[in-house]
Amino acid sequence: MGKLFAVVLVIIALASAYPIVTHMYVMPEDISTHGHQIDEQLSDTMAEAGISFLLAQFVLAFFVWTFAERKVGSKLKNFPGGAKVMVAAAFILVGTEVLALGVFGQRAWANVYFTPPRPDALQIQAQAGQFAFYFRYPGVDGKFGAIHPDKIDEGNQNYFGLDPANEIESRDDIVSAELAIPVNREIHLMMHAKDVGHSFYVRELRIQQDFVPGLDLSVHFTATKTGRYEIVCTQLCGLGHYNMKAYLNVMAQDDFEKWMKQKASEL
Amino acid sequence: MRTKQAFMTGVAILAAVTTTSAVPGGGTVSGKVTYEGTPAKQKPIDMSKEPSCAKQYATPTTTETVVTGPNNALENVVVYISAGAADEPPPSQSAVFTQKGCRYIPHVLAFQVNQPLEVLNEDQTSHNIHPLAKINREWNKSQPPGTPPIVDKYDKMEFIPVKCNVHPWMHGTFAVLKNSHYSISSGDGGFSLPNLPPGKYTVTAYHESYGEQSQEVTIAGSETKSVNFVFKAKPY
Amino acid sequence: MSSTIYEPVRTPPPASRDSTASGARVAKVLSGAGEASQSGIWVGIFAITMSFAAFTSALFVRQGSAADWTHIALPPILYGNTLALLLSSATSQMARRALAAASSAEPHAVRMGLGWLMATLALGFVFVAGQFEAWRQLAAQGLYLATNPNSSFYYVLTAMHGLHVLAGIVALVLVMGRIVASGAAFRKSTFEATATYWHFMGVLWLYLLLVLRTKL
Amino acid sequence: MEETSAQQAHVHAPPEGFLRKYVFSLDHKVIGKQYYALALLAVSMGMALSWLMRFHLVWPTTRIPGLELISKAGAPGGIITPEYYLSLLTMHGTLMVFFVLTNAPFAAFGNFFLPIQIGAEDMAFPRFNMMSFWTTLAAFLVLILAFVIPDGPPISGWTSYAPLSAVGKDAGPGMGWGMNLWAISIAIFCIGSLLGALNFIATTLDLRAKGMTLMRMPICTWAWFITSCIALLAFAVLLPACILLILDRTAGTSFFIPSGLVVSDRLQPHSGGSPLLWQHLFWFFGHPEVYIAILPSMGIVSHILINSMRKPLLSARVIIYSMMSIGFLSWMVWGHHMFVSGMNPFSSLLFSFPTLTITIPATIMTMIWMGSLYGANIRINAASLFALGFISMFVSGGVSGFFLAQPSIDIVLHATYFVVGHFHMVMGVASIFGVFAGTYFWFGKMTGRMMNETLGQLHFWLTFIGTYCIFMPFHYLGLVGNVRRYSAFVNDYTGPLLPLHKFITIAALCTGAAQLIFIFNLIYSRYKGAPAPENPWNGTTLEWSIPSPPPWNNFGGKHPVIYHDPYQYDVKGSKGDYIMQDSPEPSAG
């Protein structure tokens, strides 16, 4: 039985490692300027964690194989060096690993969160509500109209609660269900939650940030590859959570301008 | 209570009989609903979040909060007798509210108090029906594709905004009315309330964005009275 | 080799050290959980402190999270209540002293202790009544639980503390019942525990009062 | 009141009558069994719910016959609606975390064995002990009441993030009375757990038998003691959080609800609240809760491993100190659940380091366990197999912690199936393995009859392989970015993942079915099992020095005196290869 356990364990360990080693399941290609750091961090961690995983399982299997169900009265002995070796080893191995991961991990994090957006970044407001995202562009006047929660009227596509009757700024605000952005231009996304907590997750952008009601957060990123990518909500927000998504549409600069004109004409 | 009900039904049936028998003698109120001023521009709906619906439209459909027709006709206005007519028992056939292409068909559904209401989902995605009733009991149910219709009824008169939580652009209206004398203005804004026994009536027109208007009208015999409503339209 | 596991493994344990130490413990165990009620009450106090720490840190976070913090003027009667509670602490201390001297030899000590406990109990009731009065005064000003965040926290904190005081009152009554029943032969441990708890109620209230007064 | 009950514990007469004996019993052994039974009921429900969820995920349009009878609105025509899926998810999480992972390894085994292992006749406060079980049961009943009310169970997940959980019925089906019941149930549960923890601590401190110094307590006693210290703090924080939540929902206060929220087209009448406040309070409880779930299993596994290895651990002290430091560190890491939740990015860094540091004591423990296996003579049986399985499972679930502890990686893995796989392995399966091991090891002592070994080992193999088949793939899904808590896969990228999801579902159904073997084994052995001797495993600790099952007062009125450290195995020159803790026979110096 002990031998069987060892064999099964080794098989499980190898089988578990196989899809990782062969990159069977991976994130889609990164299209952001900061993402590569996260990816490197991820693969470094994968290497370290993977090795410790296999090592631990194999050692466990080996010990069980060797020391299970020996004949009665067979001489027992202790691991040379005893506990002290173990503790020292754990401290050195894991300690360094932790430190390394910690320190390098912070670099990637700092890159995303501690660098302020460039002043010329394109400002877009994102609003998350049950159960859809809507995005707002300031329009020609470059100003966002104020938000009046009491004026929200979804049947009439007034998702942000704008008051064009009384406020000129909001008349030219462009509201869209897709996030259209120009390629290679930094986007400063200001995040506003209409009702409950939501989250903004684009795998290709390596960006995930919660919408917190009453707290206006923002993220900034630069997309380097045109195309259509999925924006999904990752914060449980109610019955339609699974279906809360929108599209990120990265366009060439002139396509983006065309798109803006077309949207403006619909106003 | 029960006896009262029985009595009411008796009366109602009598009324029904008289009205139906009195079709030649019954009067009619008809007319047009129009608007003045500039109504809000109906915006195209972006359904990209729901591909199965989006692909049903060559060009994106627009919102339906204010639907207008030629020469200022105003559609989707519920015209009904708010006073003067006896309450009637509900018809047995049910009013059907269909979700198709992530829209409500019809956009405004009028039916009677206690008349069975059937909600169908003909889409490939699951919808959520949330009638925001204030007087009646509020409910909020999801309807995955391939599930049986949701059957319900309302026991008090009310205009109930209906929304789908999953698809924020989906909005409609339930008009729960006390009698069978109602009509929803068509593309040309026209409506007609036939079979009115002689009497004095209050005719009311309800629009989801522009509110209510009422007019008095007296029917003697089998005449046809013409009543028109004009709503004030706002650009925003 | 067992020496590598537990150092030192000497057996049988040096009678001097071990048996006296734990011998005493066993004795206590036999005479009922004397120590247990003491450490029990301290553990309980620790838990209560923790949950009020949670409440008050919530208060501070909430105070910083939004601009809607309208500071309410505390009803002056609170200070009267505070005084009552502190006095009750003192009287319970007197009771403690009296009862410590109590023995079958001098039964009057028991009566004295009971008297002090009566006073403690009365003052406890005064405090609770006073807190109710404070609520009524606030309500008269139109300040209710949901009026503003500050009043919300005021009601929550005072209510929670009040509940704990009531629990203490119940415990006091029980203890006094015991003392009346068994005279000088009553078990001191539970009384001690109750007294400790009662003092803690006073300390806790002072802390809450401070928190409710301070404006960040 | 305390003292009468304490008195009860030591001078009370044997309980009379069915009610006193088995229902409102003051006997810690009966209460332990009651907890075990409750956990068993909860785990069966929780597992059934996970079956429904997994089934719906991969066969969304297939009718589930009979489900309509349970909830007509939730499963019209036997097809699960999105909100009912979330209800199942919420109840699964709540049942498993609170009523299984907290009750089984801690409350159940702890109640039964902690007093025995320290040589006490009962808990310090048997009345409190009884109360804590009945409050927990009440909490359980209140929770499952949500299944039968028209509103249905809540849909906001076991973490119940505000404002979704706070705004009331506008937030969706189940968020009316369903959510109220949830909050009330958890509040009650907190009270029960606080009473229990208080009792455990007082008992360990004051009722130890003569000679039972702290360092002579068995490792599992230590684990239960440390766990109760954690629980005392954790639930003391969750209780206020629940009270504030209930007030927000019912009294119109605004602790967690900010201004200007429009839910279901209705402007909410609240202002100024802080949603993050709930997250902080919840996770300040929530992360220690993870260790409340896993530490007792660590203790039980160490206890069983030593016995099956027939030699002591390299160092029991190191294990105990590691458990302490884990318990201590668990208070500084709650923020790692909130890396992307809008918390100050600097604090993310602050939380990241202690989180990574926790891996050090965890690794030390693992290495001590494995290092001790070296040169042993491991007795293989159902109990020891599950103990070994625990180590493997703990490692597998632990390494994925490396990823989630780093804010930068958490950006892409947060809220994906990677997280689900991680915590199911490390706190779910691992801790349940500890419970299984404990059951096979102690069942004889608890009931007087041994469990069937063959069935036990069969159960192990199926469960061991099955759980790996279920939870390893979760990590792969997460690496692709598959978001958790989705009731249907409508995203473009989920198509190719469906086969893997099907595999998981099938594995889950099979593994679940395998648990029926365990249930059968429990019932069968309870009545038909071989009679259990006093010391079937040649154990050294006090529970093996008394009959199986133990008499109502454990030691038959005698007061054991302790001469040894708990694990005197492989002792030269002694008759057997072990010396009981209470035997005066000298151990080799």
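Chains here go by letter, A, B, C and D, matching the order in which they are written, and residues are numbered from 1 within each.
As a working rule, a contact is a pair of C-beta atoms (placed from the backbone, for glycine too) under 8 Å apart; a residue touches a chain by one contact, two chains touch by 3 or more.
All figures in this text were calculated on a predicted structure; none of them were measured in a lab.
Asker: Any chains in contact with both chain A and chain B?
Answerer: Looking at chain B and chain A together, the chains touching each of them are D.
Asker: Central chain, going by Cα centroids?
Answerer: Closest to the centre of all protein C-alpha atoms: chain D.
Asker: Go ahead and name the chain pair joined by the largest number of contacting C-beta pairs.
Answerer: A-D
Asker: Taking the mean of the CA coordinates per chain, how far is chain A from chain C in Å?
Answerer: The computed centroid separation for chain A versus chain C comes out at 48 Å.
Asker: Could you state the distance in Å from the CA-based centre of chain C to that of chain D?
Answerer: 32
Asker: If you average the Cα atoms of chain A and of chain D to get two centres, how far apart are those centres in Å?
Answerer: The computed centroid separation for chain A versus chain D comes out at 29 Å.
Asker: Calculate how many whole Å lie between the centre of chain B and the centre of chain C, each centre taken as the average of the chain's C-alpha atoms.
Answerer: Once rounded, the distance between the two centres reads 65 Å.
Asker: Could you list the positions in chain B whose residues touch two or more of the other chains?
Answerer: Residues 125-126, 128, 142, 161, 163, 165-166.
Asker: Going by the contact rule already set, what residues in chain A reach two or more other chains?
Answerer: Only 78, 82-83, 129-130, 154, 214, 238-240, 243, 245 qualify.
Asker: Residues of chain C that contact two or more other chains, please.
Answerer: Chain C, residues with two or more chain partners: 1, 4, 65-66.
Asker: Quick check on the complex: what are the chain B residues that touch chain A?
Answerer: Touching chain A: residues 40-41, 43-50, 63-65, 125-126, 128, 142, 161, 163, 165-169, 171, 208-209, 234-236 of chain B.
Asker: Can you list the residues on chain C that touch chain D in the complex?
Answerer: Contact set of chain C toward chain D: 1-6, 9-13, 18-19, 21-23, 25-26, 28-30, 32-33, 35-37, 39-41, 43-44, 46-48, 50-52, 54-55, 58, 61-62, 65-69, 145-146, 149, 152, 156, 160, 171, 174, 187, 189-190, 193.
Asker: Considering only the defined contacts, which chain A positions touch chain D in the complex?
Answerer: It comes out as residues 1-2, 5, 8-9, 12, 15-16, 19-20, 24-28, 37-38, 41-42, 45-46, 48-50, 52-53, 56-57, 59-60, 63-64, 67-70, 72, 74, 76-79, 82-83, 85-87, 89-91, 93-95, 97-98, 101-102, 105-109, 112-114, 129-130, 147, 149-150, 152, 154, 161, 194-197, 199, 201, 203, 206-210, 212-215, 217, 230, 232-243, 245.
Asker: In the complex, go through chain D and note every residue touching chain B.
Answerer: Checking each residue of chain D against chain B gives 60-61, 73, 76-77, 79-83, 169, 172-173, 264-266, 488, 490.
Asker: Going by the contact rule set out above, which residues of chain D touch chain C in the complex?
Answerer: Residue list for chain D touching chain C: 1-3, 6-7, 9-11, 120, 124-125, 194, 197-199, 201-203, 205-213, 215, 232-233, 236-237, 239-241, 243-244, 247, 251-255, 258-259, 271-274, 276-277, 280-281, 284, 311-317, 559, 562-565, 567-572, 584, 586-589.
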